[in-house]
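First the structure, which I've put down as structure tokens, then a few questions once you've had a look.
Labels for the chains are A, B, C and D, by order of writing; each one numbers its residues from 1.
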């Protein structure tokens, strides 16, 4: 892989997670700092009006439009695992991707990527039949739509096998295990709260394609996109710090 | 208008109105007899799995795939009028059209038309701001998507003004008023239950571009598509009778 | 009516309007200042967990527990009028009242009152068949449950005729018309933003049972409860100012 | 236990599983043959109008009114397991029980029992924290409400420990394992389709408090209520056969 490639990275963020009268997130503040928006599609958040406004905001900021499909669980914000069949997963993806694509089309844009939300993201990442259904869905959407998934996961391997464009996602602010998986949230070090440390982890992922695990092991990771947690208080400050450092080191930020 | 044009008509039918464990309609029986399917999109009926299966059924029968968007009212089957703004209508159309288009795309097909469901159909037909939003939505969907609306309604005039492809819908089994509007359901003669009479009304609409009102007046109507009520017991029999008569008179049945 | 009675008033406020991951209102701050809580019941806001917490908060503050039933419209926050039958209204009330009553019972308390939300409140206030269904529902709930409705409305007259306990609601911060109805929101003076003016209007309602209309006419009103708009920035400050003035004048605040 | 007690059994059936325009079940046909109705409460089926009608039907037939609470999953008919916390389960039970109790009260009746639906029934049966939350919910509902749960399950033990009235449920038409649990649906013999065999199993449960497992072992079971699967074609015929046999043997059918 050429050096040029290692010098460009995508910054993605979940967007459009308001619903009707309820507001969530600071979309307008965060949007200028990212390259990919994962837009809620109505199943955990994101009523039609919110999708339209979020797509518009993305277009105005030159940000790539993705769909952020979820299990059908408005009441639980898509955070509760649910036993669904691979076919049910496939159907959920197509439906929600289509809905967001409708607004993208109406705004003169295109659907760029799919990144699952919450429990669906975690459930499908390392489940073979669900990963398979996921890859099949993105393939059937066609049009060059890219699958964003956990770097090093079964889903990424699945996408490769199906010939589906896919990009591995890394987390600057999450601790990693020796096998390259995320440390469970309960564990000490699972969340990285110091900005400097998170920036350093991001840089290592981009420049060296590695992450240092909680127990100190250097692990290879194939990260094409970094996740920015937009619902956290310091999201904008962190995004700025990250981009400042990237600029200083000649790393570009753009959607894959 | 040339004679050839008067010799082709579209037969449309609402489809995919099951939901989860609940079944409705006889889609598999009706589909072979129509040329356009209006597929429920999840807001009054039509969960994602049902949409997928209905799209597949349409593709297998060479039937044009339309979306049948509704007010958000699963509990009321989209039959209860709801005070929504033109912008809300626009958003509802784009969302639901996109969702069905997603399944069409995944099946190698395209979204062909939009026909509103239930209360939304009636509310928007002769309301200027809603008709306007409707036309704007179909225009923004682009790709040649056609708007099906009540023949002679404000919505048809609106579509014309916006340069949106539109087709007027006629009803073989509904009584008409002198001004070309449908007789309210309570009124005597509002529903035409004799097959022969309904077939005759359909023929007049297609061949002479007229309908005879309940009080006997011949009224001009611009009908490009006839609505088949698929949820009625005799739907298949009526469709066959209609097509037999059409064939006998050299009238072709195909989607616009 | 004795002077003692005119010296007691109820302060009610809509409560529990969060939903799942989304927060709304400052319930914990407002609760200590009111005597009646109208708790959202899941149809425009208020998931089961939120109802439970809000009921607990009311119990802890000695506040009467009411249900705040809505049209079924989470996406529109119950603000969009919907054409429902009187029977549908009846069913919506019983269902939502029962649900909140379940939590009240589990907390060792009782359901005290019913006050409709948003579009349902306005639709039913002066519609005879809907008001009738409303009164019938509250009667069937039994157990002394009280109906809160717009003072002077058809609904209040209806409740009286059905022998249903009912209390008229007044608004300190809304302008009134000569016939005792609320000035439409668009109209100049419809919203009273000066605290002193709103306090004065509240006092006149409580002490003199009158309100001065926007054109200066003194109109009789039978107000047993005042509505506090809890979602407005100055809600707590206004509640305190009101209660300070009430205390100074020997007016008690308690639920009917 | 005295002989008299072994000579009375409850027949329960899931009821009110229509939703809006969609019909399910043959409630009016089945109701005369059962003693307990488990009424869907809006989360997997059962809109408010359906609940009202079903409660009325139960009252008219002298059938005890129970609630049939579900995970929040209309689209999946409550059949998909969902990872919920014990507190979430508690809240779901109170909400749905309250809603059905509201209609019971309005019809001059009372809520008699709680029996969970679908995935919730299975998830909670042998999960200690969920069973505990279940027992706590039924206790907090108070008023003598009875918990129906899988005979011999953790939930039954839990209810006993909490001092909650509880009744074990047996299945005439399901195969059992040596440990008294139900044979998984995939397994040979899991479903008993011959009427005579199912009647015999019911009789053994009632008269001898035993069931013969698929591998031939006689297992003790404490069954106070038998489940009738109302959605199956032969439901009414089976209920009649069962009751004929019960009558012949002096076994009464009544709610606990």
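What we mean here is this: a contact is a pair of C-beta atoms (placed from the backbone, for glycine too) under 8 Å apart; a residue touches a chain by one contact, two chains touch by 3 or more.
In this text the structure is predicted, and so the values were computed from the model without any measurement.
Between A-D and C-D, more C-beta contact pairs join the chains of C-D. Centre-to-centre spacing of subunit A and subunit D amounts to 44 Å, using the average Cα coordinate of each chain.
Each chain gets one centre point, the mean of its Cα atoms, and the points for subunit C and subunit D are 39 Å apart.
The set of subunit B residues touching two or more other chains comprises 47, 75-76, 88. Chain contacts in this assembly form a complete graph, since each chain touches every other chain. Of all residues in subunit C, only 42, 47-49, 51-52, 87-88, 91-92, 94-103, 105-106, 137, 140-143 touch subunit D in the complex they form. Those residues of subunit A that touch subunit C in the complex are listed here as 18-24, 45, 47, 74-77, 79.
Across the interface of their complex, subunit C is touched by residues 72-73, 75-76, 80-84, 88, 119 of subunit B.
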